[in-house]
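Each of the next two complexes has chain A plus one more chain, namely chain B in the first and chain C in the second.
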Partner chain A sequence: MSDTTTEIGEFEENTGEPEHRTRSRIWQGVFWVALIGFLLIAPTLFYPVFVMQLLCFALFAAAFNLLIGFTGLLSFGHAAFFGGAAYIAGHALKVWGFPPLLGIAAGTLFAAALGWAVGSLAIRRQGIYFAMITLALAQIVYFFVLQMPFTGGEDGLQGIPRGHLLGFIDLNQPLAMYYTVAAIFLVGFLVIYRIIHSPFGQVLQAIRENEPRALSLGYNVDRFKLLAFVLSAALAGLAGSTKALVFQFASLTDAHWQMSGEVILMTLLGGMGTIFGPVVGAFVVVTLQHVLSGIGSWVQVVIGGTFIACVLLFRRGIVGELARLLKINSL
Partner chain B sequence: MDPMIRLILAQGMLGLNNGVFYAMLSLGLAVIFGLLNVVNFAHGALYMLGAFLALILYSYAGAWVGLDALHIGFWPALILAPLMVAGFGMLIERFMLRRLYKLDPIYSLLLTFGVTLVLQGLFINFFNASGTPYPGMPESLRGVVNLGFMMFPKYRLFVIIFSIIVCFVVWYIIERTRIGSRLRAGTENPELVKAFGINVPLMVMLTFGFGTGLAGLAGVLAAPIYSVSPLMGANLIIVIFAVVVIGGMGSIAGAVVTGFSLGLVEGITKVFYAPAANTVIFLLMVIVLLVRPNGLFGRQS
Partner chain C sequence: MSDIILEARNLTKSFGGFVAVNGVDLRIQRGSIHAIIGPNGAGKTTMFNLLTKFITPTSGKILFNDTDITNKKPAEIANMGVVRSFQISAVFPHLTVLENVRLALQRGLGVSYHFWRSKALLHDLDAQAMARLEQVGLADYATLRAVELPYGRKRALEIATTLGLEPELMLLDEPTQGMGTEDVGAVTELIGRVRDGRTIVMVEHNLGVVAELADTITVLARGEVLAEGPYSEVSKNPNVMEAYMGVSADEQEEAV
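Let's turn to the complex of A and B:
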């Protein structure tokens, strides 16, 4: 069983023909318009807190996708960055009295540093071991969060103040909070889009496709992987910090391994290695959780079942399948 | 005896007792990984399933067939439950995992993660999430034995000895018998082994069943010690992954030795700094990654 082929985020017929490219661009344009349109009008259609939750998870999944989809690394410990950042941001906002943006920055910076530490250990091993190592390291973070005095243990960190954006916009007003979150999401998502389409992102994809070849071309593969890991962790931290600000608490669930599993599912369901897939996947999973919240722990069974179905029948994910139907190679 | 030494020995024995489960589970993982190149995330959930089957056989199975007085006890469960878990494992292999062998191994990890969530969710629904004690511990194993430095529960001593025997037998089968040599040949070159007329897919299925059966067996052994809870496997599997990263999945003996010794280390840590006992295995993993990235028994990849 040595001839395992990597299929993550791989599209058939990866042709660079002009007509393909134009069609790709048109459809990408359609998705961008739809996304921005949604961001603008969503609070009039849905409960703003729900949409903010969608956006936080969409950003989290998009950050995760940078690793699994575009570098070919499966991290099973991303909850550590999401949850860890939520606690740090919460602490900075509540105890140190940081203004909102600075609090979020503190959480993000913490996640980046943590990502550097975890990443530099995990990239020492490849493939399946990488996943196990990230899971185990994230568990250390979880135990820390559980035992540290400032995190509130089982109760979590509660009563995080939203404060005033730039000193004068009161974030306790739902719409002000909403558009702040929408802006943070959009900035994060644009950063990810830029990374994917930069020369750096091209090298990452080369590593995903064929690591030995990238190495033989003279790329310092470990450095690229580590940087991708740090960026992904930082953006996951941005999502976690923002969530802490929106919901005004950070909880153990945010740092639990099950959260790492959920972000994998969002990305897998939406389409690994696609641009918009993680956003779609996050929307579907979070909506599903809301709809099913009345049936208690059956949710876990549904989530597990979706996982199985995705892996067996649906590996390209929703957006990946759509891209195949539309015969384009990047969506 | 010096009380400090006495304390270390006592915690060491209790640690060894946890090491039993580390060893048996990482052994099963190594057996499966060796032949299938699959990391079975569901291993913890199958361990939990084994424990629950023991509980169900004792407390519920009789009532289901209309015989309220019937309790299927520990000894029959020690054989029946692992067989049932193995059967369940073989179904997973036959109908799910088999479709994924040609793909990147992370897909089988994700699939078995999904299986974990389903099993866990089901048992949380039907049983108490915080755990149910197993009432069926056999009379002959109740009570304590005097080890000189401590009074040790007879049952736990039985578990330690029994699992050492099981691990040795598994090692012997795989490394020293004809069946084992076919298995190892199947790992190296499945096409060639097929050409010798050996039914490789069947062998793979049975191996997966065997590995999961070991998890089920560990579950039955655990039932009288810990309370039987839907989450008992989830917390364990992450530790097992760290054990496997430390020991490397390349060698059967390596998995067993690492499992037992890490249990011991964890127990002794409790003596010196109790809060670190949860994390000491993970911290050791970090050190091993820094010093010997391929694991203590790992082959160069």
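Let's turn to the complex of A and C:
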């Protein structure tokens, strides 16, 4: 309810008329086709490990967007779920000898449990306090990761074996690994899509739009927020676990607060509250980091500049602005 | 069931040293429209927030249908049939008009935590939601987003949504606040139309609306009950006239 008055003008041209909804559906279809087409042919065009990195971050950002874009909660501690899951998955694969999918599941479950613990504490507060609590708790996780004996401290957890998918597909084959990651990404992304378009997602949007009103309609807002938080943390964990398997190591960077900042940047740049925005945002940020890796820490300056430009010039993010140009509500 | 649907006993709320509501007794007759009025700072909004459980009383009791609800949460009393509206028009701005009303109906399906199911199953509620929209004259706007409605219509949407919960008791916080004369008339007429079978408590500034709708009026001043009764009685009460005129005059001076 914060700034409805200013938004009235901005959204005036956007109406929910049926022909308009059809247009929305067509453009969403175009994006789905483009995404799946990209997933299929990407390894023939780009270096597979790079594309896998893109996909891991895209899934991470999409999971984060579930909270900020569709529930209205700004978590500043999502690196804890991404990084924490990476370490647990890595440990399960390396030390306990779990098969790949089970290792990823272990990391994801850990992130869900951690999300439940962090979420239960954080949802008692709102706005900036919520963000600060998630940051503080994520920092605790970071220092655990730094100090615990099994994580390898500054060196990170190295030499995680990729193993054999379902016992017979050798994931050391780049293409086998690639299509496994593509499948994990697609499943995770579809899960997020479904959550957004479920009865539960409808209530989440109501909470984002007007929390006191949702409460007065009889919705136990805290329980909805907590479940959203756990789902988002679990999916961030899925992304982190998958990344650990692809790169065969889990590092402190994954759990560092800068990672929490980066996922916010990806989501805002792509367009928070849009379906495809986080994916686009992650692609842009990771690509920039790759292309500009030659200029060292100046990358941070370029990315910071991009962020400022985004906030000043296109606040809805890339996909959000595109949706406005195409006059559709959801993309 | 007794005739009294909602009762407040010796209700007190203080913020630090300031006593906003001081030992108020209130009995709301079932099936009536009960207005709470009073000059600015009389404690109307505090009283309203106490009754809807958005704040907890310092002392005193609130009974709904003879059940103590003093320590219940807002969502719990909503499930019991006590639903409030807000001073600022409370809609979900970027959801469609239909979706707004459907959110009130959705709880009945018991699928609100089902994050793995398609929201297509909510279409079962569309007909019911449309009926509610027709009741308040918004059927033609069902596919618009709530933010695109003019102010008066947002209010109507809010009332349609509240009606979707089939509340036994509706609490309206200044339903005509910030409206032009035309909208005030429309909303007044709307409230009169939807009162059948329910009890309505409203805080209202517009005395014209109160005179037209309310069966009973409670006048608050400085956190206490100054007078109570039908409009014809209350409006002639010298204490009320003094409280109203006195404060209004001050206000006018401030405004100038």
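Simple rule for what comes next: the second predicted complex is superposed on the first by the 316 of 331 C-alpha atoms of A that agree within 3 Å, B and C clash if a C-alpha of one lies under 4 Å from a C-alpha of the other, contacts with A are read in each partner's own complex, and residues count from 1 in each chain.
Rule of thumb we're sticking to: a contact is a pair of C-beta atoms (placed from the backbone, for glycine too) under 8 Å apart; a residue touches a chain by one contact, two chains touch by 3 or more.
None of these values were measured; they are calculated from a predicted model.
Once chain A of one complex is fitted onto chain A of the other, the partner contacts of A:Ile195 are limited to chain C, with no touch recorded for chain B. When the shared chain is aligned, chain B comes close enough to touch A:Gly127, but chain C does not.
In the superposition on the C-alpha atoms of chain A, the part of chain A touched by chain B in one complex and by chain C in the other spans residues 1, 4, 7-8. On the side of chain B, the complex with chain A involves touching residues 36-37, 39, 96, 99-107, 109-111, 113-122, 124-125, 129, 190, 234, 238-239, 241-242, 244-245, 275, 278-279, 282-283, 285-286, 289-290, 293-294, 301.
Contact residues of chain C toward chain A in the complex are 52, 54, 74-75, 78-79, 83-86, 88, 90-96, 99, 102-104, 106-107, 109, 111-119, 121-122, 143-145, 147-148, 161, 165.
Taken in their complex, chain A has these residues touching chain B: 1, 3-8, 74, 121, 124-129, 131-133, 135-137, 139-140, 143, 147, 257-258, 261, 264, 268, 296-308, 310-312, 315. By the touch criterion stated above, chain A contacts chain C in their complex at residues 1, 4, 7-8, 11-12, 14-18, 21, 194-195, 197-203, 205-206, 209-210, 212-221, 223-224, 227, 231, 329.
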